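Note that the chains are named A, B and C in the order they appear, and that numbering of residues resets to 1 at the start of each chain.
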Amino acid sequence: MNHDIDVKKTRINCFRQSKVPGEFMLQLRVPGALIDAKHLSLVQELCQTYGNGTFHIGMRQTLNVPGIKYENIPAVNAKIKEYIQDVDVEMCDCDMEADDKGYPTIGARNVMACIGNSHCIKANANTHELAKKIEKLIFPSHYHIKVSVAGCPNDCAKGNFNDFGVMGIFKMVYDANRCIGCGACAKACLHHATGVLSLNDHGKIDKDTCCCVGCGECVIACPTGGWTRGNTHLYRVTLGGRTGKQYPRMGKLFLNWVTEDVVLGMFANWQKFSAWVMDYKPEYLHGGHLIDRAGYMKFKEMILDGVELNPEAKVADELYWTEAEQRANIHVKPISQHHKAGPQ
Amino acid sequence: MNNPVKPVPCKILEVKQESKHEYTFKVESDIKPSHGQFLQLSIPKVGEAPISVSAYGDGWMDFTIRSVGKVTDEIFKKEAGDTLFLRGAYGKGWPVEEQFKGKNMVLIVGGTGLAPVRSMLRLFAENPGYVESVTLIAGFKNEEGIVFRNELESWRDKFNCIYTLDRDKIDNWEVGFVTQFVSKVPFKDFGDNYEVVIVGPPPMMKFTAIEAMKCGVPEEKIWVSYERKMSCAIGKCGHCRIDETYVCLEGPVFNYTKAKYLVD
Amino acid sequence: MGYKVSFEEANQIFAELSSEYEIWAPKRFPGKGRYSDTDIIRYDKVKTVEEIVFDEKSDFPAKEVLSPITEPLFYFTEDEWRESKVTSKKIMIFMRPCDIAAQHRQERIYLGNGGFNDMYYERMHEKVKIVMMQCDLDDDTCFCVSMGTNKTDDYSLAVVCQDGALKVEVKDETFAPYFEGKTAEDYTPSFPTENKTKVKIPEIPNKEVLTKLKSHPMWEEYNKRCISCGSCTVACSTCTCFTTTDIAYNENGSVGERRRTSASCQIEGFTDMAGGHSFRNTAGDRMRYKVLHKFHDYKERFKDYHMCVGCGRCISRCPEFISITATVDKMNKAIAEIVAEENK
């Protein structure tokens, strides 16, 4: 087969190159991983009409159509106009127009989310709603960023392996008068969380507030409503998690007990930060590497610029990354090969 | 408004060690309990516990206490002249006057189960002829666990006594569980004129009653005393309830015809 | 005498009552439910009609007003001690017919059982004036009609909330002056006459059948299903059990209190005695103990009626979806089995 295809252009258009020459896989964004089920018929139609008849659930919760012939890409893009209009333009209120050309960029990756508290008994946050607001702030943009929103610190959404992991938490409130001293909260905390609760000799609960992760297991376990969630939805944000062939690592706790306003204020600064690191020349570089290049201190300064922190908010003073290098000494190299942040 | 859970401070007159883990506290009080009743003993800021009266007389009561928890541990720190808080007496005791007087009495006790029958035994010992005869089978885990040892020895002259330790052998004491000695009681000689009292841990009472019935003792001649968790002792807190029965109100003493249905 | 009062007028009456009465009613606590972004409805002091939840059943029962979950009995200072005090005001409680019946059931235990009157309950009980909320609910957890608790005449006022106004029946003349000059309108409360859920009340003919029922394999199911959390007994409008605890406030133990706290026969440790003995050591045994109390033991002791009032709160609050009505149905079958076996 004689193909003349600009695969970088198709990739930015959200069509991934296949090992079968001339074939591509479309990745449809599903911000927050929840959409009207009516869209599934479109996906089925695309798979059966333009794809190879199979359907793939994307690793980042995209809806993937494998086996699309290069020449069919324009037809597919025309078909998905309504989907982009419904999901990104209307549902997420993104600053873009849907046209016949398909996705304008692949930069900011699909915002992942667990099902959250629209369903899950453990979740503290409506992950879908928050993901939509984040999508609006980071998409469309050529700057690469991976975000996942989890309903609670159990992090089923794997925020710990994303550039940003956002997890719903609460400051829990204890009403000693409603406590019957059954110890269910202490057992639940020890079993499911960090074991910060204990039954004292007054038949009430002592709490080591320092190590509480704000998950709400105590509230779920309490038979009397003695434990309740605080009045404000709060979040913890982990930073710099990633997979990869070079430096996979788990995210580190960056922000704790912050409000939604703080989370959104932070994401609103992402493009500005990325632009500065790459000297305003977007390239295909994972977001976590930008933080590495800038260094945590610079990142912190820029990402929190103008963000008003709520009184309970805690921010990492310093981050001590621990990486699992895939190859020993991969990070040790001549100074000349080191990456550089800021004006180049 | 009368407050039935309001305790009365009482002076400790004497503290006597019965065994390694048991002490008897003699307390000054005008309360007139009946044999087998219990009181709520407390130390403010520490707690309350139901304790049976082990002996009583004019102006005093004895409580034999085993150190098993927070409250009893704290009571153990008290000395003569200190104060204990009391309320009671509660529950229904042994039907001494109504049922036991003039009968051949068989008492089978395990461990501290001796405490709730001790006042009754003292009555029998001090008033010859009040009952026809007394057969006392008392069993303890080991020598350390023997309570009221001096009193037990002094009763050998007055009652038919079988004393036993579960495994260890000491002079004049048998080896084995109390259940093994039930068949040694001459029930046939008593005709119809006897009553059997069984007190001890729940399994001991159950198996001893079964042994007694094997010897032809009818249920209605068997009497037991129950011990249950209690917070109020006045039929409110619910801890001691079994079916429609409150152990603190209708017990702790039950006739076996009722006790056999009291399945927790 | 009947009246129709606007919310504004009713709030005026509340304000006038407040010098003499505390007004307690079911109130919504947003976001304070077991799961995030769910509410809880429980009794609290109210100042306005708008705070009262008329159209939903409260999650927790009215008993919390008369016998709080944690209640001080005595205060100790060195060698001095005194009884705890209660509010000097009278107490007005908004209750549904089943809630009123539940108080009657509790009274038999607190007042009179064994010839003892619980002073702490009695002093509250004497303060209470009942406002009966006409009950138009028919939640499928309700079975008041089966339990005969759907009707009552034990109230001072009866109210129904309709079209943004309250219709009030003033039965107790003490309250007549508060309604002087208000619009007269005939109002006699109606009562539930049928529930979606009906329960056949079990008949246990004798002690032998009862003993066999206690060891019937039907209870084993709950060893696996019930988590012994006690939510059912906390939510139960008739459960009265409590545990007394002494505490010292300070390190030298000179100041402290004796208090009682609601206890649950469903929670492990309910029967634990100093020295180590305990009874009913499986969830099934504890379930059996509770169910038989509600549908046999209480009536066996006090005659006239069963303890359960059919409010269904234990069903709504059970995190494991154990239904008391389904359990009673199973018990009916077990009894029939045992009786049939006996008649063979």
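Keep in mind that, in the parts below, a residue touches a chain if its C-beta (ideal position, glycine included) is under 8 Å from a C-beta of that chain, and two chains touch if they have at least 3 such contacts.
Remember, it's a predicted structure, so these values are computed and weren't measured experimentally.
For chain A, the chain whose average C-alpha position is most distant is B.
Comparing per-chain C-alpha centres with the mean over every protein C-alpha atom, the closest match is chain C. Once the centre of each chain is set as its mean CA position, chain A and chain C turn out to be 46 Å apart. Inter-chain spacing, taken between the CA centroids of chain A and chain B, is 69 Å. Chain geometry summary: the mean Cα position of chain B and that of chain C are 38 Å apart. Among all residues of chain B, those that touch two or more other chains are 70. Shared interface positions of chain C, i.e. residues touching 2 or more other chains, are given as 243, 245, 247, 263.
In chain A, the positions touching at least two other chains are 201. On the side of chain B, the complex with chain C involves touching residues 1-6, 42-49, 66, 68-72, 83, 201-202, 227-229, 231-232, 234-239, 241, 243-246, 248-249, 261, 263-264.
Chain contact summary for the complex, chain C toward chain A: residues 29, 31-32, 34-37, 40, 42, 59-60, 68-70, 229-231, 234, 243, 245, 247, 261-264, 267, 317, 319.
Chain C makes touch with chain B in their complex at residues 73-74, 76, 79, 81, 83, 109-110, 113-114, 116-119, 122-123, 207, 210-211, 214-215, 240-248, 253, 255-258, 260, 263, 265, 270-277, 279-280, 285, 289, 292-293, 296-298, 300-301. Those residues of chain A that touch chain C in the complex are listed here as 117, 121, 123-126, 151, 168, 170, 176-182, 184, 201-203, 216, 219-226, 228-229, 231.
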